[in-house]
């Protein structure tokens, strides 16, 4: 059994790691940390887990964490993870960082986040459909939620060198903003509404740029505008992709089927994907339609932001890093409707 | 492996049976019937199940169903199941009926539903927390969704002979009304609203009356009023129970803990239960508070109407009927938030 | 023109007073106070009012407020209003207090709110359907939101001395909890959920008790349990009223039509009322159904908590206090759907 | 008093015309037609209007309608209005058609809608911010809901000849789909979800193309993709406009303020507009931000689809056609939150 620890287990990402790991056949939950809640039962805050674990929140030192765990998931705010990762890796423990700290090249990170990086280490970007080499690593940077949906939507066309301009108009559920109440998460502000933010300069854009330009070094015009919709979970991305050639919907289907062959968590079900069909699951469902008049392709992707957009993808990485099947403990359908 | 069939698999109840059974370690899905969809892939309508099953809807005869299946779940409208059950049981196949046809004594059924019953057979009422004898049966009537939440909320006090008047004010998600659009399920009618219906005479009241009077033959004053709330899943029951004696909250806790000892799917987490903490799971979470001034006890129960209120409970019955552990394949936490 | 001021104008109640008063034909908005926002345009926080007023938030002394205003609406937290009211009334200014400070007899207030009252003044309870004498007053205590819906639902039967036990199971939109984000108003906690609170001892119960026992001095068994539903506005009250006599639905209709004759804001439309049909308006819609088996009557009332439950009712009081028609400036239909 | 009639009054558009006209100081509602509901009180289906009108649905002949009404609002499905309009206009009655029948040049209409047009008449496109000449007409074609939001968002930049590529990613509440339940309006399908449709070829695109190319004859690359969000009312449009020059946010503000000077229903409040701030009102709120890196401007517009997107705009047209102030009877703030 893999002994797993979670640093920063009291938030939504931590809760989702716990939910998935309590049912994972090869994992034993060893520890869950929280500074403010140390000593309290984990199920006293993640009440849906009542009966599934006896863990109490702890706040041990990094050395102890490293010694007790085969794998550690770091689920702390960006700018903080870099204070944990080096020492955690100073042994045989594998680490998956769910923060933004190791996703970008350091100069890009420092510019985008306005933080001096303290750890020169490189990490594989754990979007495993694009980075199967993550399987060989001891340390992986788990992708951001928006970049997962956007990048998977556009990657096949980018890899084919076909994209001229990419506009990602993304719609996310509010759980991505975290467990603490905010103005945006205040029900009267979000219900019956839609709230765009960071219209032109959301930090997650840098990850999309990084990944798509790795696939097509000439692609420059990449745009990303996020919105919060009245939904708890889910990211729905509408990618308006202007292409260099006129494509048919059938052309696109061929390209996507080829690109995502043997990728169990990417589904191309036909028609328009739905947040309902992925809710609670690790899937990314993708649909598309060609607009020949303007050489535009509309590609749609749906993920659960807490699963494929965060904790599920982290476990997908863990599975590969430990030589398990990619779908181990993750092969769960959405609870639709 | 238990070969399982579902009659009437295209609705929400059928979909939820499928969702849970595809992950059940001892079950192989053998067939899913639908008259109108015969020949189409099941995943073409239950799109969240894409990749989990290759089944197509079929419409075989009852004899074939009986021969191919070790267990059959009947998920058809009330008044219809009685046309399937007798022939299905004419062999070694076990049957779990999710309709109302066999839940009530026949005269009560005929009065409440206004339908002549064609099958004199008795069935155990499969609320297994109250009817462990279901484990010995080949045929079980799976309880209604509202009665599951209401009966579990009041049973311990009823069994103690303490209830004078019971008022069940229930709030349900709309999925209980089915997969077909209706006036009530029309988003502009339900969002930002609450819709009571059948204020004094909902058919499910008869099940609550049947079960509570089994526990306390003197209890007469039982009232039930349901409402639809803007939620997809979940039944939240507020039971206003006027008691013959003045009870404290601690008294009640003692009674409930004793009554539900060793019942894995009833949780008494303390505080107010939440639909979020049971969504997608088979739990019934119960909370309570005494109002000594008026000898009232407020008991709250939360279930997922499609799981503990229907398909999960049916699988709980199946587990027992086949000698499996009660929680087999069902020990899944809610996907909160 | 009546010069009107609002003390505490930055919250939802203040915003709703502003929304209604900008269209009132006999009112000129003179001032809107906010300590923290003084100097900022009112429309910078109540953005829907952009273009309707040029007011800036102010923070003047009470003497200045009294001199500038013919009427002052006090929309501050309970325990605070009593610090404003005496000095505001020390002249010719009329005052309508939307807090709880003057709704209850002082000993009851002090017990329920745990606050020593500093002002021995009595006030009329401004539920004008029951208290037409409010028209002759210079000072009125505007009722709470829950008590408005609950009291109007039960008053006709209480006045007839027919109620034995009253159970009010109320469901409110979250705007009643105010403009500041809280755990309960956090979208992931409220959406797809229902959150009961203060199961047996909500402070608003005391107002219902006060008003119903004024109508029927023998009525004792009055119970109130509130829930928050996923809705911005609205209070829906399900009153389970056990009666001393067996009544028919027609009996009840007769009693309610007689009681609410010439009360323009109480409608008895037939059937089940709906939050949708009152949203944004000052109406209280009431429906009912008799349950002869248990001598129970189910009475349903729907109001907009911010209008009839707060600011609209305050303006209804103002209209009467200034000799205007009761419906002046308030005769607006809901914006359904 | 203007005697007004509504043909097709039982739907959401008809209901909203009624809601606004019952409070209009210069209008008397003369008739409301419905074939299927003739004889029933209008308030029996539009229950929020109980107490506001005594009208019953009628089904009179066109000649009678013309004789009884000074203005007729035609709120029937596209392809149907053309059967009413010619005869209605055969006198002194003014007509405002809310269907699509007269919005487009006839060849375009016939191509897009696949219907042979039976009436060669031209109509002014009643987006009065762009077509003040509507004031001189007896017949106006009221714009579609999506085109209103999209066109107003882009018109100032189009008029300045600055747009190279326009991508309108629109999000609508479900009330735009009408009063009858559908798969999309089924609560479990829409709540916690977002549903795009007609990804590249929605009929409303033709109106946007028509209006923007009138402003800039060289603009060709116009794209429109609509989504339904879990909201009853509102259309939020995210316009990704690639410009020929690099603009700053200040540049854009200058252009929009100049263009919409003296347009009372277009507000430029600063920051991000919100559906909440326009709900129930006739405003179009617009915000914007420049993305200099890619010469993209993100323009956001928020309207209430049933008011500025339909019935409110129709009354705005009526006001001008009868020489009334543009805001007459329409100067109502949103009921936020």
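Side notes on the structure shown:
Letters A, B, C and D name the chains as they come in the text, with residue numbers starting at 1 for each one.
Just so we're on the same page, contacts are C-beta pairs under 8 Å (C-beta built on N, C-alpha and C of every residue); 3 or more make two chains touch, one makes a residue touch a chain.
Everything quoted here is computed from the prediction, not taken from an experiment.
With contact taken as defined at the outset, chain A and chain B are each touched by C, D.
Across A-D and A-C, the chain pair carrying more C-beta contacts is A-D.
The chain with its CA mean position farthest from that of chain D is B. The distance from the centre of chain C to the centre of chain D, with each centre set as the mean of the Cα atoms, comes to 35 Å.
Distance from the chain A centre to the chain D centre is 39 Å, each centre being the mean of its Cα atoms.
Centroids built from CA atoms put chain C at 46 Å from chain A.
The set of chain B residues touching two or more other chains comprises 12, 175, 179, 188, 191-192, 230-233, 274, 276, 279, 337. Interface residues of chain C, counted against chain B in their complex, comprise 165, 167, 169, 171, 173, 188-189, 191-197, 199-201, 221-223, 225, 227, 229-234, 236, 238, 240, 242, 272, 274-276, 279, 289-291, 293-294, 296, 298, 300, 337.
Those residues of chain D that touch chain B in the shared complex are 12, 174-175, 179-183, 185-188, 190-192, 230-232. Interface residues of chain C, counted against chain D in their complex, comprise 12, 15, 19, 22-23, 43, 46-52, 175, 179, 191-192, 232-233, 264, 267, 269, 274, 276-281, 283, 285, 331-337.
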